[in-house]
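Attaching a single structure in structure tokens format; questions to follow.
Naming follows writing order (A, B, C, D, E, F, G and H), and every chain is counted from residue 1.
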Amino acid sequence: MDANRLKALLEQVRSGGVTPDAALEQIKTLPFEDLGFAKVDHHRAVRAGAPEVIFGPGKQPEHFAGIFSRLAARGNNVLATRVNMEQIAATRALFPDVEHNSLARTLVLRQQTEKLGKGTIGIISAGTSDIPVAEEAAVTAEVMGNDITRLFDVGVAGLHRLLSHSDELRAARVLVVCAGMEGALPSVVGGLVAVPVIAVPTSVGYGAAFGGIAALLGMINSCASNVSVVNIDNGFGAAYVASLINRL
Amino acid sequence: MDANRLKALLEQVRSGGVTPDAALEQIKTLPFEDLGFAKVDHHRAVRAGAPEVIFGPGKQPEHFAGIFSRLAARGNNVLATRVNMEQIAATRALFPDVEHNSLARTLVLRQQTEKLGKGTIGIISAGTSDIPVAEEAAVTAEVMGNDITRLFDVGVAGLHRLLSHSDELRAARVLVVCAGMEGALPSVVGGLVAVPVIAVPTSVGYGAAFGGIAALLGMINSCASNVSVVNIDNGFGAAYVASLINRL
Amino acid sequence: MDANRLKALLEQVRSGGVTPDAALEQIKTLPFEDLGFAKVDHHRAVRAGAPEVIFGPGKQPEHFAGIFSRLAARGNNVLATRVNMEQIAATRALFPDVEHNSLARTLVLRQQTEKLGKGTIGIISAGTSDIPVAEEAAVTAEVMGNDITRLFDVGVAGLHRLLSHSDELRAARVLVVCAGMEGALPSVVGGLVAVPVIAVPTSVGYGAAFGGIAALLGMINSCASNVSVVNIDNGFGAAYVASLINRL
Amino acid sequence: MDANRLKALLEQVRSGGVTPDAALEQIKTLPFEDLGFAKVDHHRAVRAGAPEVIFGPGKQPEHFAGIFSRLAARGNNVLATRVNMEQIAATRALFPDVEHNSLARTLVLRQQTEKLGKGTIGIISAGTSDIPVAEEAAVTAEVMGNDITRLFDVGVAGLHRLLSHSDELRAARVLVVCAGMEGALPSVVGGLVAVPVIAVPTSVGYGAAFGGIAALLGMINSCASNVSVVNIDNGFGAAYVASLINRL
Amino acid sequence: MDANRLKALLEQVRSGGVTPDAALEQIKTLPFEDLGFAKVDHHRAVRAGAPEVIFGPGKQPEHFAGIFSRLAARGNNVLATRVNMEQIAATRALFPDVEHNSLARTLVLRQQTEKLGKGTIGIISAGTSDIPVAEEAAVTAEVMGNDITRLFDVGVAGLHRLLSHSDELRAARVLVVCAGMEGALPSVVGGLVAVPVIAVPTSVGYGAAFGGIAALLGMINSCASNVSVVNIDNGFGAAYVASLINRL
Amino acid sequence: MDANRLKALLEQVRSGGVTPDAALEQIKTLPFEDLGFAKVDHHRAVRAGAPEVIFGPGKQPEHFAGIFSRLAARGNNVLATRVNMEQIAATRALFPDVEHNSLARTLVLRQQTEKLGKGTIGIISAGTSDIPVAEEAAVTAEVMGNDITRLFDVGVAGLHRLLSHSDELRAARVLVVCAGMEGALPSVVGGLVAVPVIAVPTSVGYGAAFGGIAALLGMINSCASNVSVVNIDNGFGAAYVASLINRL
Amino acid sequence: MDANRLKALLEQVRSGGVTPDAALEQIKTLPFEDLGFAKVDHHRAVRAGAPEVIFGPGKQPEHFAGIFSRLAARGNNVLATRVNMEQIAATRALFPDVEHNSLARTLVLRQQTEKLGKGTIGIISAGTSDIPVAEEAAVTAEVMGNDITRLFDVGVAGLHRLLSHSDELRAARVLVVCAGMEGALPSVVGGLVAVPVIAVPTSVGYGAAFGGIAALLGMINSCASNVSVVNIDNGFGAAYVASLINRL
Amino acid sequence: MDANRLKALLEQVRSGGVTPDAALEQIKTLPFEDLGFAKVDHHRAVRAGAPEVIFGPGKQPEHFAGIFSRLAARGNNVLATRVNMEQIAATRALFPDVEHNSLARTLVLRQQTEKLGKGTIGIISAGTSDIPVAEEAAVTAEVMGNDITRLFDVGVAGLHRLLSHSDELRAARVLVVCAGMEGALPSVVGGLVAVPVIAVPTSVGYGAAFGGIAALLGMINSCASNVSVVNIDNGFGAAYVASLINRL
């Protein structure tokens, strides 16, 4: 459409309705998003099918709801993460159908339901305390148009639980693995499958877990070659990467 | 083929050529890889198309060449990383056709040339000092059956160089981005494309670069949502993940 | 038995009752839990005599009490650590006989009282502020069927207090030593006894104590060869290890 | 004026109104600021045009307002940073015209409006969460007599936004760049301009952002040679340095 | 000129010499370097008066000399830092007049001698061991066209030495202060002057100096508001920033 | 006296009043406190003149007051640090004359007023925010029988204030220097005096001050040879060491 | 025997062969090991069955051989760890039968072969690079009188290898598990057995492995309750602890 | 004398020999060294009895010997620390009587032998590997005019060795305690004596000892109140502080 707009302008130049100088001036003063778009901002195209995203913490309820409305107006799905009760209430007043996942601490407004992922994304958590992060990943993957499988509470100290789900593991096209404490699960899972594993260290643990640093270090040093890592507790980011992979 | 082997044995049981007891004994004494394979070791299948890999550091030349020979006998491509001159000489005596990439510090024996990747993997480095890591990634991606594009020395302090290659960036199906010092390049690249970016912090830098920690932290905290990270200087691992993605 | 089952199948192949293909399929599709389970999950047997354990923090009172009930139904002792007042009240409503140790911040339901440990476990704390961790260890050791001796407030800056208890130290079969600040006590105790010492760094201290890191580092670097270490404030884990040792 | 005071004393010595001994005694007992000033305390002269500054945190409202009054009496501008509501109320009771900037969390009393800076200081923030720090820098620069330009929310993952403001970037005589997370923005900005860039890491981010450490490390390791760095969240300090530069 | 080029194209559209569609295509396919260049790469202009710079470590002598030659051909001053004896010999064979400063570990080829700085840059070092870093700063500042003053070995534990040079301190337009160990000197100097202080932590020290981290932390936390900081041992970077300031 | 007791026993053996076996048994079973005590516990004698000390944090008011009473009964001075309002109230109910220093957050019961220090202890703070730590040191030094001089708010960025007090600095027999942020003051003070300087890093500062770590590192790396360091915010400990020195 | 010696002396006192005064003097001048032994030094008894140990690094060959000789004279086994070629040659000249294990880098002189351990100690390594540490543990356990089983190269990314050895794992009375990189193996092993697991982080790995810190953190945070940890690369210490446990 | 000089000037003003303006100018232009010297540089007086000190590392032999000569000419004792063989040879050529202590790695030229310390300084080391640091302390203390007692190899894991020297411990007026690994010895010693303890962490240890950081943290967090700490391996600094104390 930017091309269309530019072409219309050029037509006007051709027809004499606009002088070259005036056209030049218009081109110069077009908002960058329009003119420069072709060269620099592939961002929007890139994000086709990506949800509009709001990070909840620190935002006043009305301010939060206002941003939510503005983003919703673009017609994409809207995903808000780490929301609190006040933010939910303020948003629900405007969008009664917004979906709140209390485990994931997310709000979702579905406006597009196209299936964009080609296969299934497996979402795995080591312990029950890692579930909020894993659920954030699950909600993100779903809102980005993927089928998902959840395997929760399959940590390495009880290996039989994990192994009894080998079929689900192998059926996934890409895996998101959330673990705190020593963060060993992605290495073990990585050794069992032949697909990319996105590891999410969680801040679960105490003492020398250092809020997720131990798990982060463990995952970065994974002896399994198919593991890459995102930030501590970043379930959203892991699912975002997995969704891009699943569209390929 | 394991299935084939097992099936052949069962045929022999059927035909009476092998007693059930003898078959049982054979099944029991099959190397674990064979018997347990169906349930636990999906590893080999998983690694179809993966090279046999040797990590060079600390291995005596003859020992190194011996491992190389043994792995080569399996018929896959063989990739050795971080090799030194003595290891190269000892291996070349056995495999005159082995390819040495001096920038990447790799040795490669190509025994399979099937194209396994569906698109192109972009290999990007911020500075010239990051090239050894980027080349290790490039060699790995090639040996795993991918087409690659190299974009080297396109760091963030000279943005025009990076931007002048927007087309190549956008043409890639997945990107490996290597950077040391502040490790900012993956964030910038991540904002320009809509595909997964595998970030590799390098140990390039001095002072407070801390051998790659600054770059690692920068990449883990990337504000671009399509970035995941591997270990410092782990060009091999990044290309391994990218190759798995490129096969999807 | 798996062998038996497999042999029976092979016999059927022999007799023609099952085709090789069908047999192959059966072998492939046997649920892991059945075939592999015996090999992998020794977990349950392993934990004979271990309490059912609940980690209190972050659990809603009713949810906590629900888990407590479910675990209690298995007939083992139940141990909840780091409980709060609401969790205690909710649990006591269901189990009036549950024992609350306010120092240790534990809830215990005794359903088995068999003495499983062969000797005495010494539980030692450096300062009075380390007592909550030491008490958690004490309660854990007791609920796992051990006799214990407590030696509290015997830190290294007042050596005579520790030395005056040499007999108790030497009478123990294994020792749990809790200390914060510089974490020197396990080294001193380790030099006085010939049995294993399990060191527990505590988060006691301020300034450069870094929430137990200084103590953890001190203990990991202990010059006494009979010392091994668990996580900061992990009184439960130390007593768990000590209990396993005391059963040998 | 100190010179004047000293000269007056010397005149009195000359005229006989003061004996040399008495003069010596007076000189000795003059407050250090007067006597030693010529040699040691260039501080006051140095700070000509600098605001009187109060750091709000930890100060009781009345105590805060008292300090504010005392400093205001010197006739300079007064700048209070990180103020809270109680401090504002107590101060406004005394100085009805005091200006409160709620984004910057500052209170300002303008008593001097001389333009001391020769050009414009650009104040840039990567994300919306970095704005409080950037606003603190903006208020500081203004109160120190500078023209400023604000470019907010121009982070590296959306490069087109930053690039569309190239003209403003290039028009600045010195730049203050505030960024959290990976802290990459100063490197990118540094590559686009030929003037000094003062980088301010912010504590924005989560997980491995470590309260601004990741951003600080990124900035200290910047590959752009025109970048120097101040403390985490230190918008005041960055603007102070930028103001000194802008007076040259 | 881009505007001119674009205007010429628009004129052709007006005159009918180019159809709107063809014009649109041309605009789309203009290489970014041409169209976007004016917007993005201010880099070259920006670096007017900056030396061409080579970082010596890790470069083979002939490779080093080759780069040196190529850069020299541009007609600017060439500055190589952290050079070794072999690099010097190889370069001197090509450029007999190249200047080697053995303290600074630099090679300089002067091809431009224009005085670009308006005042004097003071280069200060705390101890004699900090001199290599300070000299690197001095050489850099000189090659960038500045007058400099050196004040070496004026550390804070012998305050009278520093204070006896107050006049030189105050005469400088901007200061570079190099210190290792506790890195206290920039704070003290910052309190004595009213101009920007660029602090360079050095790796001088032992034990808990951690290769310059202690000094870096000290400087980042400076209580003097006119201090900003560059990387450990980065004398070049500090002088680069100071030179930009001195041109204002 | 132990020797006497042992000799008496040996005499009885000689005289036949005690058999060797019985004597052996007695020697073995003598309580350690009696036999070994003289060798080991010099602690009490050592602490002659030291106050009884209570660390307030975490103690319930009545529990706190109870400990206070018990310690007071020994007749020594009692010093409680980091006390809160409830603890003060509970203690004052029992000891109306107890002295509360609100800056230092201490409670003191003076029962001995002997002057034990031979000279003056100088207590110095860099900023006003360091005063609570410095006051804790001052109160401790006083309660341990020393004359003290306070020099507060004499940080290194305003050197003239410190230098104007050179006489007081030189008059002290030992100095306690409290500083946060970069912790540079002990180095500067150490260079001005010829007596021991006890440095106390404080948790004052923000950002990369890391709760006192920057100051701690600065002080440990001090270039002044007469500086030794205690824990972050440990005003009590610094004054304790200084008091021992002042008694020599 | 000390008791015997003391009793003999007492008998002499009884018989008049030694006066009480002379006895007292003898008791006083007995080496501390003899007199104080009953109370303080249980060290020797404690260490019954422990080898005499020499840590090789930094010791001159002749000095090393001299210590070796002196320790050998006590009649116990002698174990030297981390020996180099020169130390081996110098020692072999004196003790031709000394055993050198080149993998473990140990020298052993067997003078006692009593079997002191009651069961088998399992020594497990994750990768081939961890073998030197694991072998050091193996040699230590053997020289302390234990039967051992080695399971090497059974890391978590190839789970089937580990699981195929379940029987050996379960047969051990205590396990030593050595792993570098992410250090996940002890958690997995801990979940498979019901006995104590002594975890040894190794310095194997690169990049963010930080010389074993990542593995150490992983192990300290293990989600398996039967794991305790020793220092990085401390194979000796782990086997020492395991040996004490195996004697119980 | 400054006062005298100033008074003379004032007399001249009185007498009319100097005008007030000229006097003002003179006062302003008096060199700081003259006027301010008395106020600022107490350094020299302060260091009466201190040796001239050279830190060896990094200095060329002739350069080293040159500095040594220059310092020796002042007539004080000269102490060089961490010297190497070449430095020793070059110095001995000039000063045949210079004393080399190979354990301490020091060179000493005694030119003054006055006894300046009032009592004995105890120098204690935990292990044999800590002896170089302890010897550096011993040599420093001696050259500064103190009597010393050495207690080496009395680490906390063999407490009886330390306790058997209680008398020597108690006889010292101040103690220097050197320890690596967990650094626990100063706490234990601190509890046994009533005098100041200067703790020196050493870089002895491996793995998580981190080159002395573990010991440094342990000592800074000591539970004994009479302990203060110097830098890692800083035997010189500890003895310097102890010597100042011993002169009081």
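Basically, contacts are C-beta pairs under 8 Å (C-beta built on N, C-alpha and C of every residue); 3 or more make two chains touch, one makes a residue touch a chain.
Not measured: the values here are computed from a predicted model.
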Check every other chain and keep only those touching both subunit C and subunit D; list them. A, B, F, H
Suppose chain centres are the mean of their C-alpha atoms. Which chain sits farthest from subunit A? H
Shared numbers divided by all numbers used: is that above or below half for subunit D and subunit F, i.e. same or different? different
Farthest chain from subunit D, comparing Cα centres? G
In whole angstrom, what separates the CA-based centres of subunit A and subunit C? 38
Nearest whole angstrom, what separates the Cα centre of subunit E from the Cα centre of subunit G? 55
If you average the CA atoms of subunit E and of subunit F, how far apart do the two points sit, in angstrom? 50
Per-residue multi-chain contacts in subunit C, two or more chains: 32, 36, 40, 43, 158-159, 163, 166, 191-192, 207-209, 213, 216, 220-222, 225, 231
Which chains touch, pair by pair? A-B, A-C, A-D, A-E, A-G, B-C, B-D, B-E, B-G, C-F, C-G, C-H, D-E, D-F, D-H, E-F, E-H, F-G, F-H, G-H
Under the stated contact criterion, what part of subunit G meets subunit B in this complex? 129, 158-161, 163-164, 206-209
What residues on subunit D touch subunit E, complex-wise? 39-40, 42-43, 45-48, 53, 118-119, 163, 166, 170, 173-174, 191-196, 198, 216, 220-221, 225-231, 236-238, 240-241, 244-246, 248
If we count contacts the way the header does, which residues on subunit H are in touch with subunit D in the complex? 3, 6-7, 10-11, 13-14, 16, 19-21, 23-24, 27-28, 32, 35-36, 39
Quick one: in the complex, what on subunit E touches subunit B? 31-33, 36-37, 40-41, 43, 58, 201, 203, 212-213, 216, 231-234
Would you tell me which residues of subunit E are touching subunit F in their complex? 126-127, 155-159, 163, 181-184, 187-188, 190-192, 205, 207-210, 213-215, 217-224
